[in-house]
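Each of the next two complexes has chain A plus one more chain, namely chain B in the first and chain C in the second.
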Partner chain A sequence: MARRYDSSTTTFSPEGRLHQVEYAIEAINNAGTCVGILAKDGVVMASEKRVTSGLLAPTKSSEKTYKLCQHAACNVAGLTADANILIDQARLRAGRYEYQYCEQIPIEQLVEHVCNYKQAYTQYGGLRPFGVAFLFAGYDAHHGFQLYQSDPSGNYSGWKATVIGANNQAGKSLLKNEYGSSSEEKEGEMKVEGAAEEIAMPDVNEALRLAVKVLNKTMDATATSPEKMELFVMSLKDGACVHKILNKDETQKVIDEVEAESSAAGDS
Partner chain B sequence: MSILEYNGAAIIAMTGKNCVGIACDTRLGAQAQTVSCDFRKVFQFNKSFVGLAGLATDVQTMNNLLTFRKNLYELREEREMTPRVLSNLLSNLLYEKRFGPYFIEPVVAGLDENNEPFLSGMDLIGAPVYTDDFVVSGTATGNMYGMCETLYKKDMEVEELFETLSQALLASVDRDALSGWGATVHIVTKDGVISRELKARMD
Partner chain C sequence: MDTVFGVEYEGGVILAADQSNARSILTYQSNLDKITKLSPSSALAVSGPNADLVNFSEYISKNLAIYQLSNDGLQLSTHAQANYCRGELATALRKGPYQVNCLLGGYDASSGKGSLYWMDYFAALSKVNYGCQGYASSFCLSIMDRDWKEGLDQDQAVAIVDKCIKELSLRFLMNQPNFIIKVIDKDGVKTLKFGSDPADT
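Right after this comes the complex of A and B.
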């Protein structure tokens, strides 16, 4: 019955839904998982690398993480071809802002610009929406480190930790339990009704371990190895943003630390 | 009065043995009146330097534009722009404004991917010239050509190149009312950049 209203982006269904946008969001649930975690001193993004063929020639430095400007980077889940257009848009926007104001673009404004661009494809022209979800990691002087998620509808929100792509629900529930749980709860103390739980932000290394833990849960393969995941860290050094993609040894080290943690805790 | 002579400038770039040097004055004037003695006209882009002589507003605008394009290039290509590519980009940007040009006459100096010296100069609409000895630009070009032609030798080492550049620039600007009031020299080698301020006549 909904079929009548789902072939055009620019038509609402009787239930008030935009089916094309929802189908676009579905397309992303088949893509490689991306985890983003906000830390005290940086942002961590980890993604699952899906190598479709051993014959593929290595092209750019990364297939999942893209630098947008000196102080922002993003992770992609979905159609890479669609993502390339949006990434170029973001790079141009950041560059033009800096050209005009001689100042770095605030992260939220950059995210909003990309999202406004995506939104246009859900309202005008009879073109299909972009089949991409992004995780944006950035730093600006106004709000410090930030993490944003955006989807094909053009909607975005800021997160302390989130997951996109395949098995993101499983990832999100793990994050809900484990993010910021490094603060110890005292036994027998009564929790005050309505008081907000104190979330202790992890540091970059804790965040890396948590990200790998989430990927372990969401990835199909039982054994995790550095070839299957890409770890990205954004941090500050001497007042300037540093983007780092961990190499094979560093990735292996984090995987080993997570392995050690889980066997020490006696995981089932 | 020519628009290119409103603010005043003097820039020389020279090649040495596995190095390049670029020197400029630091005066900013409004015709006869001197407004500033620390106005930068030479800008660094990785291993290349771009010296911009001419109208000060266009000098600053072109610097911002080149920075924008250089950043975009590095994001897309994941590598640094070589001096030759930078020079071609600059030439293209200038010709885009063929019938309403930027009033600047730039020089580009740098080390290419094999650490070989590269020099180029161009006019305000982007016509480039590539040389292997020196390029000059600004309000004292007559003086600078004379000094460079006399003092230049091939394959000078870093210290000698520095001396030659400094003497050529200082002597040229002292006979020109619109340039001078301080000078800076940068020498680029494969190991890095050495920058020095020169003690010049402040008149």
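Right after this comes the complex of A and C.
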């Protein structure tokens, strides 16, 4: 039944669904996993690198993480070619805002702009939607560090921690259990009645370890190595944003720390 | 010719403007308010033909209002507002210029400071401690040069403004009986005094 309504992006099905958009979202579930974690002093984005061939010559500094402007970056899950178009749009928007106001664009406005662009492809023109989901990491003076997720429908939401791409459900459930719970839990600590669980925001290093832990769970291979993942950190230094992609040694260090933690805890 | 001037002090900005709306030999009105509130903590004092004065002020203030509505109540800083204004003047310059010279004054809670921006119809922009547009500059700048210093309080700033008005009434050819004075500080944009109530029809 759905077959009749799923070829055109701009037509609702009788059940009120846009099948093309849903299929686009499905496409991303086959893509390399990306984890985003908000820390109190920065944002961490970790992604699985799918190395297809040893013969590949690396042209860009990253295939997963892209700098949008001085205070924003994004991770991509999905069709890279589609992503390039949207990243161009985001960079243009950020630049034009700065041209107009001589100020950095607030992150949510940047995300909303990209998402509005994506939404147009679900409503006009008969063109297929973009097969891309983003994790946006950014900093602005109004709301500090922020993490946003967007999908092909043009929906976006702000997150403390989230996962997109392959096995994201497994990643999300791990985050749900472990984000915000400090590794040293005090015995018999009272939980305030009625209040949401006390979420203690991790710092950047804790967030890195948690991100690697999530990737360990979502990635197919049993052994994790620096070549298979990319760790990105955004933080502030002297009032300006710093974007950093960890090099091999730094990545190995985080992997080792996670390894040590899990063996110390006698992991299941 | 309009008189528009402003003085920045510790924690705010004062904007002052004459209230006459005249052309050729005729005075249309003498209670015009040439200082438009742009946002809860900023205002634009404009000098120029009434058509452009009103058109430009309203255009800028409504665009800033849309910005706030679209962005969950987010307010642009004074610096951003001033650059936005300048950008609009610059874009219009080679098409159909706004013949307005303005002073934009605003207060930023994040810094606790007021700031004053001088803008002319060529879309030049400069951040200043005090400024004047029009003939007033020939009379008032020297007073401000002498009396302004860092860390003035509101009363001292108002005193400078009063001194300028007195000088103009004594030495400026044009008779400008009414002035409207507004204060922008942490409590928002407020009218301090006026010569003639703008609300009178």
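Things to note:
Rule of thumb we're sticking to: the second predicted complex is superposed on the first by the 257 of 268 C-alpha atoms of A that agree within 3 Å, B and C clash if a C-alpha of one lies under 4 Å from a C-alpha of the other, contacts with A are read in each partner's own complex, and residues count from 1 in each chain.
By our rule, a contact is a pair of C-beta atoms (placed from the backbone, for glycine too) under 8 Å apart; a residue touches a chain by one contact, two chains touch by 3 or more.
Quick caveat: nothing in here was measured; it's all calculated off a predicted structure.
By the document's definition of touching, of the two partners only chain B reaches A:R96; chain C does not. Of the two partners, chain B and chain C, it is B that touches more residues of chain A. Contacts of A:S61 after superposition on the shared chain: chain B is touched, whereas chain C is not. By the touch criterion defined above, A:C69 lies against chain B but remains apart from chain C after alignment on the C-alpha atoms of chain A. Within the superposed three-chain model, A:G165 lies out of touch with both chain B and chain C [touch as defined at top].
When the two structures are aligned on the shared chain, A:P226 is found in touch with neither chain B nor chain C. When both complexes are aligned on chain A by C-alpha atoms, chain A residues 99, 102 touch chain B in the first and chain C in the second. On the side of chain A, the complex with chain C involves touching residues 99-103, 106, 108-109, 141-142. Note for the complex: chain C touches chain A at residues 71-72, 74, 76-77, 79-80, 83-84, 87, 110.
Considering their complex, residues 64-65, 67-68, 71-72, 75-76, 78 of chain B touch chain A. Chain A contributes residues 60-61, 67-70, 88, 91-92, 95-96, 98-99, 102 to its touches with chain B in the complex.
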